[in-house]
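This is the structure I want to talk about, given as C-alpha cells.
In this document, chain identifiers A, B and C correspond to the written order of the chains, with residue numbering beginning at 1 in each.
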Amino acid sequence: MVTLESILSHTADHLVLVVMTLIISICISMPLAFGSLYNKRFGYVVTKFANLAQAVPSFAVVALVVPLMGIGFYPAVVAILLRALLPIIKNTYIGLSTVDPSMLDYADGIGLNEWQILRYVRLPNAYPAIFAGIKFAFILINSIAILTAYIGSGGLGELIFQGLVAFNNEKILAGAIPAILIAIAFDIIFTRIERKLTPHYRK
Amino acid sequence: MPSKRLFDRIDSIQLRGVTKKYDDRFAINDVSIDIEGGELVIFIGPSGSGKTTTLRMINRLIEPDSGTILINDQNVMELEPVALRRNIGYVIQSIGLFPHMTIAENIGLVAKLEGWNEKKIKDRVKYLLDFVSLPSEMFMDRYPHQLSGGQQQRVGLARALLMDPPLLLMDEPFGALDPILRKQLQEEFYQIREKLGKTIIFVTHDIEEAFKLGDRIAIMDDAKLVQIGTAEELIFHPVNEMVASIVDSGKKFKHLDTLKIKDLISPLECMYVHDGSLDIESAISSMIEKNIEIAVVSNGSGPLGIVKLIDLLRMEDKDSKIADHVVEIPSFSRNELLSSSLKIMQKNGHSMAFVMTDEKLSGFLFPNDAFSQVIG
Amino acid sequence: MDKEHKGVDSLLLSDLIEVWETNSLTLRTIEHLTMFGIAIVLASIIGVFLGLFLYSRPKIAHPMLNLLNLVETIPDIPLLVLLLPIFGLGKEPTIVASVLYSLLPITRNTYTGLKEVDLKYVDIARAMGLSEKDILFKVRIPLSLPMIVGGLRIALVFTMGVVTLGGLIAAGGLGAALIAGIQLYKINTILVVGFWTGLLAVIFDGLAGMIEKRLQRRYGIW
C-alpha cells in the first residue's frame, strides 16, 4: 500500500531536483553561450561537443558520475547538469549567432554599439531558439531525475525502483504516473509560453 | 509502359476563348490565338499578365475554367495528361534538374519509364548531349550541382527533346542567366532552332530576346491578349500605348546612326580574364567554378582574344596553354560609332568584340540580331 | 617517470581485461546491439510506412503526429515500466519502448520530407509526363532521403538510451553491467562499461551523421 503522503513527498522531492537543476543549468549556460558568441573557437568547440555528448546514453552519464562523486543528491545534480547544460548553450548560441547578416549590417550602419546590437537585434531574434533549448533541457531533466534515484537522489524514481525490486506494481505506478503528469503539464505550459514568445510574424 | 504517340507534327494550335480565374482575379481572360505548325511564337508582357498561365494550359498543368485548347483539332482536355505531356517538351527558367540523378538519368528518365532498353536510352542521351554542345562522355555521369548555370540549361533543353516532341514550351529559359551567357545561348538556340524544326511557344520578358527569336510576338497585359504580330507589325502599328512602350526599346535602333559603342557596352568583369599561360585543364575548372562560358585570354599587357568553354572541353590535349587556342575577335575604341563597328563585325561574322578605353580592355560589344537587321 | 607511466598503463589494461571478462562484456555488447538493431529496423520500417501513409492521408497526419508527440513527452523510465504489465520483464518491453520513441522522428521526418519537396521538381516532373506514382517514387521519396536519414539519426540516439535503461528491467545488455557496477560499487566496472557504452553510441551516431552528410552532398544541398 502506497500512502498519498509518500507520493506527495516523493513528487515534491522530484520537483525540487528538477526545478533546481533547470535553474542552475540556465544560469551556467547563458554566460557560456554569450561567451561563445564572442569567441568563435569556443563556440565551435561547444557545438561540436554538445552534438557528441547528446549521443551518449543518460544511464552511462549517470553511472560515470559515481566514481567521481559517489552517490547521493549532489552527484545526481551534477549528472543531470552534464546532460542539460549543452542543449541550452547550443541553442542559445545558434539563436544568437544565426541572425540575418543584413540586419547586423543595418544595425551597424545606424550606429548601434556591440551591446545595443545584442540587446535589440540578436536577443529578440534568439528568444524562440533559447526557449526551445530550455524546453528540451527540461524534458531531459525530468526523465534523468527519475533515473538518478538509482544513485540516491530520491524523488519519484525511488518509488519506481522500490516497486521494481519488490514486484510491487502499485508502487511502480505511484512513481511513474506523477512523473508522466509532470511531463505533460510542463509540456503544455511550455508550449503556451513558446507561442507567446514567437513573434506573430514568424508563425 | 509506352504511352501513345499523340502527334508526329503540329499542324495547328488553337486557343478559343480560354479563361481561368483564381478567386475573383482573372489569370487569363477570354484569350484566343491561332498558332501554325513550325512557328515560334513569343509571349511577352508584365509579370502577372497571364503569359505563363497560357503556356501551362497547353500541356494541362493548368486547366481552363472555360474555352477550349485544340492541338491538331484535338481538344487537350480529352487527351490523357501523362501521354499529352510526353509529347510536349517543357523547359523552364529554374530548369529543375533532379539533384539526385546524374545528367544521363535526368535526360533519360521518361525513356526509362517508357520501357526503352538501356542501350537505346544511352545512345539517345549521348546524341542529345552532343546536340546541345556538351561532350557526352564528360557530362553523363555528373550530378546537376556540378554544372554551371548555362550547362544546366543546356541539359534542360536536352531533357525536353528526349521524346522528340513536335512541340516545345519554353518559359523564360534564359531568364536566370547573366547577360553575356544569355546572349550566347540565345545565339546557339537561334541556330539549332533550324535543325529542330519544331513548333515552339516561348515566354519571356525581354523584348530584345523576343525580336531576336520570335516569328510572331504575342503581347499580353492584365490577363488579356493585347496584340499578336511580327516585330515590324508591333513596332509600326502598335494597337495602343502599352504595346508601343513595350516595343519602345526597339525604337532606339532608329537612332543607330548617332549611337556610340560606349552606349551599348557590356562592362568587363575581372572574372572573365584568364592568363594565356594557364593550361586548359585549369582554365576549364576555373570557368566552371565562376559559371562562365567565355573567357578573355590576356598576355599581361592586353587581351589576345577569347576561348569558349565548350571548345576547351572538346580539346584532346588538356595540358596545352589556352593562349594557343585563342579565337581572335575585333576590338574597337569606346568612342567609335556603333553602326560602322557593327558593319565590320557583321562582314567578318563576329558575334562579339572587345571595347577598349585608353588602350585597355573595358568591356564587350554584342551586336544582336535585331541590330544586324536594321543596318543590314 | 617513464617506468611509472608504463606501470599505470599496464595496470589500466589489466583492469580493463579483468572487468571485461568478469562482466562478460562481449556477451553484454552483443545483447545490447541486438536489441538496438531489432528496435531500429522495426522503427525504420514502421516509421517510413507510417510517414508515407500520413502523406497520403493529410487529414489524419496532424492528429497522428500529435499522438506520437505525446508518446515522446512521456519520460523514458515511466514508459518502460508502463509496458511491464503487457510484456513482462526483459527485452520485449525495452524494444517496444525504443520503437515507440523512435517512431516520431522517423515518421515526422518522412512525412515532412515528402511534403516539403521543392515544388519546382514536382512541377517539372508532372510537365515531363510522370504519373503521380512515378513522381512519388522517382522524385519525392529520393529527394526526402536526407531528411528521412536525419530522423533515423535522432532515433538511433533515443534507441541507444532506452536500450541501456533496459538493464533496469532485466533486459541484459550493457545497462545490466552498469547496474552491477553501481550496486557492487566497483569503480573500474562503472568506468569501463560507462565509457564503452558512450563510445558505442557516439560511433553509431557518427556513422549515421556521415551517411546524412554524404546524401546531402550528393544531392547538392550543402
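Note that in this section contacts are C-beta pairs under 8 Å (C-beta built on N, C-alpha and C of every residue); 3 or more make two chains touch, one makes a residue touch a chain.
Composition by chain, UniProt nomenclature: A, C = Osmoprotectant transport system permease protein; B = Molybdate/tungstate import ATP-binding protein WtpC.
Remember, it's a predicted structure, so these values are computed and weren't measured experimentally.
Student: Provide the labels of all chains in contact with chain A and in contact with chain B.
Tutor: Of all the chains present, those in contact with both chain A and chain B are C.
Student: Would you identify the chain whose C-alpha centroid lies closest to the centroid of all protein C-alpha atoms displayed?
Tutor: When every chain is reduced to its C-alpha mean, the one closest to the whole-protein mean is C.
Student: Among the chain pairs here, which one is joined by the most contacts?
Tutor: Chains joined by the most C-beta contact pairs: A-C.
Student: I'd like to verify one number: the distance from the centre of chain A to the centre of chain B, where each centre is the average of its C-alpha atoms, in whole angstrom.
Tutor: Distance between chain centres: 56 Å.
Student: Measuring centre to centre with CA averages, how many angstrom lie between chain A and chain C?
Tutor: 21
Student: Any idea how many Å lie between the Cα centroids of chain B and chain C?
Tutor: Centre separation, chain B to chain C: 49 Å.
Student: For the complex, give me every residue of chain C touching chain B.
Tutor: 120-121, 123-131, 134, 138-139, 142-143, 145, 218-221
Student: Where on chain C does chain A make contact in their complex?
Tutor: Contacts found on chain C: 70, 73-78, 81-82, 84-85, 156-157, 160-161, 163-165, 167-169, 175, 178-179, 181-182, 185, 187, 190-191, 193-195, 197-198, 201-202, 204-206.
Student: Name, in rising order, each residue of chain B that touches chain C in their complex.
Tutor: Chain B reaches chain C through residues 3, 59, 61, 81-87, 90, 92, 94, 96, 98-101, 109-110, 113, 143-146, 159, 169.
Student: Using the touch rule from the top, collect the residues of chain A that touch chain C in their complex.
Tutor: On the chain A side, the touching residues are 52, 54-61, 63-64, 66-67, 71, 139, 142-143, 146-147, 150-151, 157, 160-161, 163-164, 169, 172-173, 175-177, 179-180, 183-184, 187.
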